[in-house]
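Heads up: the structure comes next, in structure tokens.
Order of writing sets the labels: A, B, C and D. Residues in every chain begin at 1.
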């Protein structure tokens, strides 16, 4: 059986009495693409924010790679190899596309103040290597011709792509993707998920992704969780989700 | 000020001293996005530390070194509570901090003469040389210090580190989830910026040879802000030119008063012009005269070669 | 051993608190509504004081007229600040840091304009106020007028905020500007009213301060820090929070001064007491007293 | 029936992100029109773009044959357009009655305001019971009713509603929707975005289905409800 990489136990987070995440227990298998679906306001993004450390959970535990990570600062969770994207891209607007990619490097020697002065040669070499890598990723997501442009000049869809490319720079173990294909055209959406599958296979990454297009998940996901009013109400392989009466009801509304 | 050469040299020295402050504020605000409204506090720490040591007979090199570290240390300590705050709170707290510090120097005569101020020995004491030569030496010292600060600042901003602080300025949360210990970077930049302000304060005190609490009013902080905003935030060369421009303006206001017989007090006129210009720049050219500089690292070169390949 | 007249200290606290309340009400309301701390608020106080001085001392028209002059001149300055500086800046997408720096620029401009018009030297009101003793407490007519003004202001503001269409629109706009717009409220017009009233009250505060002590161009700047302490302790945008905070800081300062004297420190450090409260509030409970009156301190 | 509101070829979104691509929606007098669609399909964005709360990149908004594209929100409200946002739709620091008073802000005559508030109380008795309660203390369902009451004070000609049943219990949701039906029967045309497609379609006259910011189906609600393909369409499967 595959190993579990992420596990939450009774995770709860509320805002002013409203339980946005209510007693959520779930597991994500290593090297899988796991989908998370659910209607608006069902708590998907809050769940991601809690896992990635943006919010502190009120109750419950989060294990990543066997280690407790709940309550850690976001940057520490990232250092452990768990990265995320946002629903509306949060790019560094005035930085170039290439710099946006480069910022996300983990343990870059030139990212420490003393090394900036003392180890210029070392970080310069590393910088060259990382720049190559960044450009290769940019080529894959077809943004390499914008490399010198400020991120603010990209279109909405390109911004989503850049945000995805940015987290790929870091060689994370696992990625939380918040609607990676929202606002991009259907062809590109499909390609994004093909890319995700390819990355999973080539780099043995794990993806946990919020996505509302079931047809995409049908093709690419291994497992799907369904969230409603803060709780997980169903989990199954994607092809069964569409048949699940509860899920269809939640989405379409009770008759 | 009858002799034009002396006047020009004097202005050049002031430009140098303020350019150091502008570069230091640029590291904090222009690159990292920190609203330090108390720049003058760290300048003051540098000035007083250096002056007190000089009066005790220490050589100038020791004075300026200790002043740098003292200002940096005060900056570091102040940054610990302050940098956890949002931009608006940070501004209020740093501004108030500068004022409190000034009050302490004003009230505690035993530190440095209180309101009476203290006279400060010049860094260089050679007898029998003409004033022009003395000023040239001053100029050399100040510009050597500016060169070092500029070099340090450029090295910092043209590095992966410099990229990270800009990212923090653009979006703190995104930087955090990309693994950056935001607080650490902010504290380091605040400390470095404060240390540079200490250098500037030390140079200032030995040049004007007298300091008192009235030297360190908040207007000084905002003169530096104007240099940064006018020159172009996140452009080190730009803010130095901003320093030249603002100095020229200040002197211009004085000359205008002398020669045009304006019915306005030159000091009032100067501050009023600065106040209005700050507003006008923010309204009509908030990005400043010079655009933000690029992050210059070997990555740029790799990127330019990439162009040829595809 | 210093003999302390504690009742007098208590009364003085009410005087200081009333002053800080007048000074801070506009600051907290504009901060809550336009979402940035306006450092130029200091000069709303200063202009009111100088305008009042001209009427009372140079034109010899008496205190009631100088009160009106302070009110009107500062109101005009508040309107001009919002219409000519801050509203255009906001429309151009200025950041909060830009707005703060601009407010400092405006502060310097107005302060030195005042200096140019009235001169930089210290001026004082020659008006003589009757004084009388109630038990061990010395009371002057000016202090009574100040406290009464604060009480009337609180009463009027309370009625306006809770009973009138305008006041409710102010509270609604501070709570949820988008929804206020979606209810047909012209939020910018409401903001303008708040700027005018807030500035006018600051002008009156400045006048009282000047009449009580002396008049220098820095008069407003000197009250700005305690005013910020009131705003932050009270919770940004909270009128009732400011009401409590003003008297808390008034008490802290007056009792603090007693201790400063006991420890033979300069009384100038009372300035630092407000700073200390401000820092502690920010570190311990950034929402201040505002929480007492509703969610997130946005209560008015 | 004549058209009262028409949004033509709307391209809308936030910042630089385009969420709605060239969608045309029409609202006739005395009807309820519902916009349904999966998450992120742009239904809320479309409603918001009419009022200026999201960015309208292209397209035109016509109201009573007048071009109202780009008009300031508070002006639109005064012209007879009511709007209930999805979240933050009450003033939490104001009492229930004060919320209604702000809803009546454009009216200046005190007695008129009182009368219309009293009418709203008759319509929603629960609000009368809680009139001195701070709105922040209301339950989700009560808030939604208050939000409804707040727009009804002005008796708008049309009502724009953004996901009226979001995060409500099934009972509260049904109640809110039946209120919306009543409102429409009293002569107000309603355009709403609704996540609960079945319920939304059940109370409405016509519907639009949005997927990925494009309109994939429009027609009478009955027709859409009976369509076997709708489930697939709605869950984002191919049309």
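The criterion applied here is as follows: a residue touches a chain if its C-beta (ideal position, glycine included) is under 8 Å from a C-beta of that chain, and two chains touch if they have at least 3 such contacts.
Small disclaimer: the values here were computed from a predicted structure and weren't measured.
Chains that touch both subunit A and subunit D: there are none. Touch-path distance (fewest steps) from subunit B to subunit C is 1.
Chain centres computed from CA atoms place A at the largest separation from subunit C.
Note: centroid distance subunit A to subunit B, computed from Cα atoms, is 42 Å.
Per-chain Cα centroids separate subunit A from subunit C by 48 Å.
Computed centre separation for the pair subunit B/subunit D is 54 angstrom, with centres defined by C-alpha atoms.
Subunit C and subunit D, compared by their mean Cα positions, are separated by 42 Å.
The set of subunit C residues that touch two or more partner chains comprises 295. Chain contacts here close into one cycle, and each chain has exactly two touching partners.
Every pair of chains meeting the touch criterion is listed here: A-B, A-D, B-C, C-D. On the side of subunit A, the complex with subunit D involves touching residues 18, 38-41, 88-89, 152, 154-156, 159, 179, 182-183, 185-186, 212-216, 229, 242, 248, 251-255. By the touch criterion given at the top, residues 165, 168-169, 171-172, 175-176, 178-187, 293-295, 298-300 of subunit C touch subunit D in their complex. Contact residues of subunit D toward subunit C in the complex are 51, 53, 72-74, 77-78, 83, 85, 88-94, 98, 101-103, 105-106, 108, 134, 136, 150, 154. Taken in their complex, subunit A has these residues touching subunit B: 52-54, 73-75, 77-79, 83-84, 86, 90-96, 98-100, 102-106, 108-113, 115-117, 123-124, 127-128, 130-132, 134-135, 139, 144, 147-148, 166-167, 170.
Remark: subunit D residues 13-19, 38-40, 140, 163, 165-167, 170, 195-200, 202, 212-213, 230-232, 234-238 touch subunit A in the complex.
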